[in-house]
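One structure is given below, represented as structure tokens, and several questions about it will come after.
Letters A, B and C mark the chains as written, and numbering starts fresh at 1 in each.
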Amino acid sequence: MKQGRILKDALILFTITVISGLILGGVHELTKDTINNSSISAHLEAYKTVFPDAVDFKADDKLTDALKKSNEELPSQNYGNVGLDQALQAVDKSGTVLGYVITSHSNDSYDGLVQILVGINADKTMKGIEILELNDTPGLGQRAEEPEFKGQFAGKSGESLTVTKSGSAGAEEINAISGATITSRAVTNAVNAALYLMYHNALQ
Amino acid sequence: MTNSLSISSSPHIRNQVTTPNIMFDVAIAMIPASAYGVYQFGIKAALVLFISVISCVLSEYVYQSLMGRPVTVSDGSALVTGMILGLNMPPAISLWIPFLGGVFAIIVVKQLFGGIGQNFMNPALAARCFLLISFAGEMTTFTYHDAVVSPTPLAALKGGQSVDLTAMFIGKIPGSMGEVSVIALLIGAAYMLIRKVISIRIPAAYLITFALFVFIFGRQDLSYVLAHLCGGGVIFGAFFMATDYSSSPITSKGQIIFGIILGILTGLFRLFGGSAEGVSYAIIISNLLVPLIEEISFPIPLGRERR
Amino acid sequence: MKNQNMERIWNGIWKENPTFVMMLGMCPTLAVTTSLINGFAMGISTALVLIFSNILISLLRKVISDNIRIPAYIVIVATLVSTVQMLLQAYIPSLYTALGIYIPLIVVNCIILGRAESFASKNGIIVSAFDGLGMGIGFTIALTLIGLVREILGAGSVLGTVVIPKEYHITAFVLAPGAFFALAVLTALQNKFKAPSATNGDTNSCGAGCGSCGEKIGG
């Protein structure tokens, strides 16, 4: 009698689980394409913000190899815990390569990871940056997302940039966000990682 | 005459150690540092100090009146809180920020928890930390000489630059108005020690532990350790803020443990933390540990065994 | 019958408001209410899950025996939450990014299991649905209010429109401490006006008797 009840309970639980699984599978099938599309279009939109004149962004084998090589060399550079995630060519309508869009990150921000997009022209000057992921303190580190800070990168050139707290940044310097030097430094080093790829492995 | 016939319960011993007396001694002890701050940073600094004090006293008066409680403004504790808060401010700050700080210190940290003696952390410091996370920009912009923004010695130290020790000792440096002059602070501290308002246990344990920590984990260099002791709010914190009666342990052994924890935390925050300074956070975190410290350090009556 | 349904809604909004009265679901209450829209969205997502979980659990209350009720409830709630999550990700991606980790955490929101346990498992389908609706509305109102207060004080804006100049923003209010301040003040006001509350101590406020409180701790 007791065994019968356990069997019955198990069977009920099993049925509930199976039905739940089926429902979840169905919803997943239904939403899969929409989710994919929206994340692709979100990415494309982000690429466009750092490289507005490009119409398409393409992967390139040579670039990917250069990225792998840079990732091996970066730890020996003085940029802290940084890495490169993706490098794409930004091409115009005729297929000419205008520059590059590089996804890089640093793990040294106040809350750990900061991931950014860096747009670099073919002549190695900076096109601009966009913050992809940053979970810092609002009002402090999170101000890296304001144009006042991230706008500084556009037009800069040079192999590596440094952060200054003086408030009057020179040619290869970036003004720190007041009260958030760590975040400023992490973002700048993630940019430096992208520059390293350009200067040392991709565009000799 | 009728006063002398009042009936009260024991104890009946009377002496001069009353809350107003203690508080006014602390206030007097802060005069050298305040005077130096005003001398160095000008009339704006006096205004910041004045606003902080007014805000604290007013908040206490208004809150207690509204809540129908006895008004205790005259015991001087709000005055002291206001002075400590004011001395913790950068002199160039917008005036409404110290005002908000005073309201927060008195109403949120002190009165909501039951008023004087009941606050679980130092009201002035809790307010400073509240302001620091709310207005990080304004609270960390220090000016020196004609409103030129410059880094504090601690920030310079963190950035690996060298600092001028003599200037730090006298106070010719940018910083919060109350913490710049070590000599003025030490005069006030000596006054409090002589008047027996504070005991040397907490400051001594704090400063020694902190110096050792910096020596071991920072740089084995005497001038580096001295720069850390003279820079920022360590001296001010050790003598004026960590010794706050209601948020520090009452047992002597507990006071020494409290000082040691403070020293370690301050060292940790300064050497391994994100920002250059860490005294305020060290003190309010240690304030929270006070009940535990008292629990383990309570003296055992003769003949009893520890539970 | 109709009165009973309306009573459930009123009960969820005022008499047993899950946030201000029962102090349930504190984790999302404190964590996601950094702005009005975040609070509102979290409230609505939770309300949706709550209504459907109440309906399903009430429907299955005769089938699910006492021994397996907790795993069965969890599976049902988790399925609903995952569905909401996927729908949000597909159709309102911006909201999905803003709510982040807190959507999956709806599963462990004690309001949902609490209502399943103390109400839906003992009552009919329709009245359970209204109970879920009421609780959901109550939760949404509370989160929206807290979000409104924090957004105005911390970011100086309402629904993203800046109304207070930047230098007067009290950043602490969009951080964790601000959540506690805002909740404390709103609860204090409620106490002041003698609204029923767990902290007033004069009402058997959870409505389910004291035996059900075991599930409510730690939400």
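Definition applied: a residue touches a chain if its C-beta (ideal position, glycine included) is under 8 Å from a C-beta of that chain, and two chains touch if they have at least 3 such contacts.
From a predicted model like this one, the values you see are computed outputs, not experimental measurements.
*Asks:* Suppose you hop from chain B to any chain it touches, then on again the same way; how many hops at least until you reach chain C?
*Replies:* Tracing touching chains, the least step count from chain B to chain C comes to 1.
*Asks:* Of the chain pairs A-B and A-C, which one is connected by the greater count of C-beta contacts?
*Replies:* A-C
*Asks:* Of all the other chains, whose mean CA position lies farthest from chain A?
*Replies:* Of all the other chains, the one whose centre lies farthest from chain A is B.
*Asks:* Quick one: report the Å distance separating chain B from chain C, using the average Cα coordinate of each chain.
*Replies:* Centres of chain B and chain C (C-alpha means) sit 41 Å apart.
*Asks:* Chain A to chain B: how many Å between their CA centres?
*Replies:* Distance between chain centres, rounded to whole Å: 43 Å.
*Asks:* How big is the gap, in whole Å, between where the Cα atoms of chain A centre and where those of chain C centre?
*Replies:* Spacing between the chain centres: roughly 34 Å.
*Asks:* Going by the contact rule already set, what residues in chain A reach two or more other chains?
*Replies:* Each of 137, 139-140 in chain A touches at least two other chains.
*Asks:* Where in chain C do residues touch two or more of the other chains?
*Replies:* Residues 169, 171, 175 of chain C each touch two or more of the other chains.
*Asks:* When you check chain B against every other chain, which residues touch at least two of them?
*Replies:* 133-134, 136
*Asks:* Under the stated contact criterion, what part of chain C meets chain A in this complex?
*Replies:* Residues in contact with chain A: 34, 60, 63-65, 67-68, 71-72, 75-76, 78-79, 82-83, 86-87, 89-91, 93, 154-155, 169, 171, 174-175.
*Asks:* Can you name the residues of chain A that touch chain B in the complex?
*Replies:* Its residues touching chain B are 110, 137, 139-140, 165, 167, 178-180, 182.
*Asks:* Which of the residues in chain B end up touching chain A in this complex?
*Replies:* Touching chain A from chain B are residues 133-134, 136-137, 139-141, 149, 151, 155, 159, 274-275.
*Asks:* Could you pull out which chain C residues touch chain B in their complex?
*Replies:* Spelled out, the residues of chain C in touch with chain B are 167-173, 175, 177, 181.
*Asks:* Which positions of chain B touch chain C when the two form their complex?
*Replies:* 94, 96, 100, 108, 130, 133-136, 138
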